[in-house]
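Have a look at these structures, which come just after this line.
Next come two complexes built around subunit A: one with subunit B, the other with subunit C.
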Partner chain A sequence: MKKAITVALTGNPNVGKTTLFNTLTGSRQHVGNWPGVTVEKKEGTCEHAGRTIEVTDLPGTYSLTAYSADEVVARNFIIEDRPDVVVQVVDASNLERNLYLTMQLAELGRPVIIALNMVDVAEGRGDTIDERRLAELLAMPVIRTVGTSGKGLEDLLDAVVAIAAKGEKHTHTIGYGDNAEALISDLVGILDDDPDLAPRYPLRWLAVRLIEGDADIRRVVSGSSVGDAVFARLADIDFDEYEATLADKRYEAIGAILPQACTICVRKMTGSDMIDRVVTNKYLGIPIFLALMWGAFQLTFAVAEPFMEGIEHIFGWLGEGVAASVGTEWLASLLGDGVIGGVGGVLVFVPNIFILFLILSILEGSGYLARGAFIMDRLMYAIGLPGKSFIPMLMGFGCNVPAIMSTRTIEDERDRLITILVNPFISCGARLPVYILFAGVFFGRDAGNVIFGLYVLGILVAILSAKLFRSTVLPGESSPFIMEMPPYRIPTLKNALLNMWEKGSTYLKKAGGIILIGSLIVWFLASFPAGVEYGSEESFAGMIGKTVEPLVAPLGLDWKIAVALIFGFVAKEIVVSSLGVLYGAEEGSAALSDALLADPALSTAGALAVMVFVLLYMPCVATLAIIRKETGSWRWATFSVIYGLVVAWVLAFVTFHLAGFFLGGA
Partner chain B sequence: MASCPLSLIAPGTKAIVTMVNAGEGLRRRLYDLGLVPEANVTVVTADRGSIIVSVAGCRYALSRGMAMKILVAPEMVAV
Partner chain C sequence: MSIYQKRIFAALLGALYLLAGAATLIAVAIPEIGIIEILGITGDPAGGFILIVIGGTLFYGYLELSRGINEGVAFLHVGIALALVFGMIRLLSIGAEFATMALFEDEMITLGMLREELVPVLYLAVIALAGFIAWGKEFSAGLLRG
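After this line comes the complex of A and B, so read on.
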């Protein structure tokens, strides 16, 4: 068996790279993270001509200048891991911009193959592309592919195997003009004196990056034995000017290549431009956007409803089955109250989450979501955040975990941090059962207005917190943004489903694991010391509740609510199930409602305080874990817990006393 | 032909970039996207906080602040 061929798949965002990757590797994929950064790493394998081909899907980038974490990851992989072949997926309808990356890839020394994708779009527009001529001019194979149907993939894999067998370096690069070239050859001469550099880096590329003032590469070179000589040569150079010249030369080279290989390749006003005029219009943009979002949420809940009921039935049936068949009392309690009660309460929301993801995937695939972020930009800017922060805020209404994961598209670290930290205040679906219970019991016909008010309060707290963080712990201007507006496309169902599954299954795994463990801890606390009644005042849970009772007493709450709130840390919907246990209510929330209403310790004002507290207090365990993961340290996760608790306590206190004043009962 | 910031020209106007007046990282980013001196740009929409421009066959949304830093010479001045 021959050694596997390693392939790096690269390309601009929105060129069909992921589709091609999915078609190539099918289900044989592995998703992880690149070490040290929160950029997703996708790997997969396929077989061709008796060889195993290992494909790594690099993040989509426009260039390799190390502007963002994505670009650093992509270029480091090609330089350090030395894949046998680099395949660049190119959008044929957009050759000019796509070939810019090709110019940079060519300098990295690895063999490059161009997968010419979306030729149908280009040719439908009247372009004709001569890929053989293009291959000659670029000195690299150019293969036509259609990612969605798999057309051309055999040819692409043939080319991969053939190129890998040759094992040659790619040497054909563009010239940068006499001045720059003289400088480059001087630098290459100096760099060549260090025996360590040449085996690790393509020297010409190092020299080019040095002239362009690349800070990362300056660090690499300053640590080498020739650092001083290099910087002496660079001493009186105007980096800005060279940088502009080099970028210019790349576009010049592309401008020289294109007319020889492509008949038109120059765009006129297209359908996409027309659609953009309408959907980003000053007056129509926001109404269209809101209508689409409202539709998305309506559809989410309407479609998810029967699935949710189905899951509830399954867990109800499982619970009864366990109670009937497991003889050992503690084991039945562990399985019924702990595992099924805890995990089941959370799995009920899975249909919602999957459907919301499916709809968002379709909107994303169509190219509209980028416009949504654009439309909301001015509003977000007023808060001190870039337009891109809007999508995570929107997703937060479903679940904060994927919402926080989706902040990865925000380049500026501070913008991203603020977006992450305010996200838990967006009222997720898990908090809704708590509102429904308390608002239903204490406000009757006004319940809807109370719940709507809570959502608004969450948004207000998020906005004010963003402003507060911006002016204190994370100062700075909201970074000016550049966002590509991908051309509108008909999204494919297969891709939307894969995208949905990728995000949704992460939620299942992460949230499921943590919630199971959390539920078991809660069950343990409620069941021991041995012999006490489950969830009673004498159990550990009761003791904890009694201990923290003084803290929540000013909010008009007693130990039972305190325990429920502590349990709610695992997942906020557990607040409801915990209260069910603690009030000793039988199955069904009608009984719990009566018990709550009858409890002299709980007033209407207190009920309002509970809802405000549940809305704002610390993120749930799953959200906390994702904050820890995405920010890379416990520092911000801890901050988020403390900040949330303080805000929740203060606002619940104010709510309790204001409501007490107006409604009586405080 | 006088230069003016990209943010000030009317939608539908074609222009040629004369200068990119930004810090190192941002300028490099703009260059990579094709917003280099001599490049042809078209403003697609410009009726809200940010603008959409078309350059090198692609469309990008730029915040107004960023568009201020790109100086262009309009091909014809729209009224």
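After this line comes the complex of A and C, so read on.
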């Protein structure tokens, strides 16, 4: 059996690598219309012409200079794992910038194929591209592809198999001028004396990186036997000047190629330009952003209503069925209070979660969310963070775990750390059921406004916390924000539904897993010791709750809410399922709503305080684990928990008393 | 269609949205003003804000077009799009509310209920729709699908 062909899929951010990867391998990796969606390499396989092809989707990178963590992942894979073929996905509508990476890839000596993507965009605005001529000039195959439809993928795979069979390496290099070439030649001579380096790295590439002052490569060479000689040769050179000279030479080469292979038309204002002119306007940008976010939450709350009612009815029938058919009292309680009350109480909110994720997918796919970062840049810069930090915040609306992982695109370590630490304040989908339950019960038709207010509060707390961290524990200047705006697109229903399912199904899986387990534990604690009244103060749950109650009593909350909040640390959805179990709700959220409304210990002000506390109080276990992983220390993870608890308690306290003053009930 | 017609449309529709938005916000502060309820305007801070944003966008377009900046047409197009998006949101919300009432609460939907739902963001969107029919193609033609 023939060995599998290994292929690395590389390219600039947001050129359609992941879409191409999904189409090639049948995977369902997340695709977004903004740079930096992929921050880790993803692997998949496909079969073509009797060969197995192992494809690795790398994070987007503008160059092989490796300034940020995700760029290092991409570069190291190509250099150290040595894939048989490197496929560079190129945005045809921005050839000059994309070919800069091509020039650097060519220096690595690996076989390279160009997948010319987004030709539809380029041709739509009147450009013409002669890919045959481009292939001749670059001395590498150039294949037209349309990732979304799969057009050109057969040709691409044919080229991959053919190139892998030949095993030819790319030998074209750029001439960097006499001075640089002399220096490169000297360095290659010195590096060649170390027998360990040549098998691992192309020596010319290593020399080029050294004179460009690449810190990573300097570390590699410093551990080599020729390190001293290399650094002696580099002793009096100006790295910045050489880096600029080499970049100029690469652009000169691109400038010579482009006019021979394509014509660029004079651009007129497109639909994308029109939208950007308005939504990035300095007066209207933020109001429009807030208005659209409000619309998203209004839809989430309103449109889901009939679906929620339907699910409530189903659980109502199930509850009645269990009560009528199960004779054993404890088993009926376990199924009715534990499983139906707990898991059912959470599943009622599935329509809201799916609708919110669908709207966010549409906004993301359209390219609008990327503008969010641009709009907020001025505000973010004022508090000492780059606008780039706003992208992980927006991603946090779905789930904080991938949002924190996406901070890898932030080059400055301190900026990145601050962005990680404030991300748990961004309200993830798991907290939505708590808001819908309490806002629906206590605020009626204003529920949508209350939920929108909570999301805005989360963003404000995140921004103010960032300002606090910047001026205390993590001082420094924020780096300038440069971000390429993706073009606006009318999202395909398929992609939007796929993204919605990808995020929403996690919620369903949780309902059948961790939420079910959590509900059963709460049911056990509410039912024992034997002989106590279910859910009473004498039960284990009551004892735990009563111990913690003094801490939450100033927030207008009683022991039942305290128990739910404790279990919410595992996953925020468990707050609702715990309440469902403790209040003995067997008919989905309708009975739970009635029970909450009838609870004399809970006022409107208290309900508002619960929502604020759940929004801010601490990251869930999964988020805590990813904070530990991304910061490399338990110190920051612990800090995140303690800081979150303090902020949540203080703001819930203020909310309870202010709301009590205006609405009554404090 | 000439720039002049677009300018007039942006001015009129923008002014209507701004007036409705201002009236909605005034109704929040002074709920006793009952007369504007005939136009479906009741105190709703978020609703008022949305109307002001749409009106502001359209009126900004009018101001740019009046100063001879032809790119100001972008504000007209985006203003129309926003008006349609929020009109659609309102329509979907009403549909969901009535569906819940009819399917699960056995309530009859009366003419009075329908009249209560006729708020500015909904009926002004009908005028915006006329603008979309007239100029929508020149806006959406440049957008990509995918």
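Basically, the second predicted complex is superposed on the first by the 369 of 666 C-alpha atoms of A that agree within 3 Å, B and C clash if a C-alpha of one lies under 4 Å from a C-alpha of the other, contacts with A are read in each partner's own complex, and residues count from 1 in each chain.
The working rule: a residue touches a chain if its C-beta (ideal position, glycine included) is under 8 Å from a C-beta of that chain, and two chains touch if they have at least 3 such contacts.
Please read all numbers here as calculations on a predicted model, not as lab measurements.
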Which of subunit B and subunit C A:L493 touches, first, second, both or neither: neither
First (subunit B), second (subunit C), both or neither touched by A:M485: first
Partner chain in contact with A:G285 - subunit B first, subunit C second, else both or neither: first
A:S272 touches, of subunit B and subunit C: first, second, both or neither? both
First (subunit B), second (subunit C), both or neither touched by A:R97: first
Overlap of subunit C and subunit B interfaces on subunit A (superposed complexes): 272-273, 277, 281, 487
Complex interface listing, subunit B residues touching subunit A: 20, 24-34, 36-39, 44-45, 47-50, 52, 54, 56-63, 65-66
Sites on subunit A touched by subunit B in the complex: 62-63, 65, 67, 93-97, 100, 212-213, 239-240, 243-244, 247-248, 251, 265-267, 272-273, 276-277, 280-282, 285, 370, 374-375, 377-378, 381, 386-387, 477, 480-485, 487
Interface residues, subunit A side, partner subunit C - complex: 120-121, 124, 148, 269-275, 277-279, 281, 283-284, 287-288, 290-292, 294-295, 298-299, 302-306, 309-310, 313, 448-449, 452, 487-492, 495
Footprint of subunit A on subunit C - complex, ascending: 45-46, 49-50, 52-54, 56-57, 60, 71, 73-75, 77-79, 82, 85-86, 89, 92-93, 96-97, 99-100, 103-104, 139-146
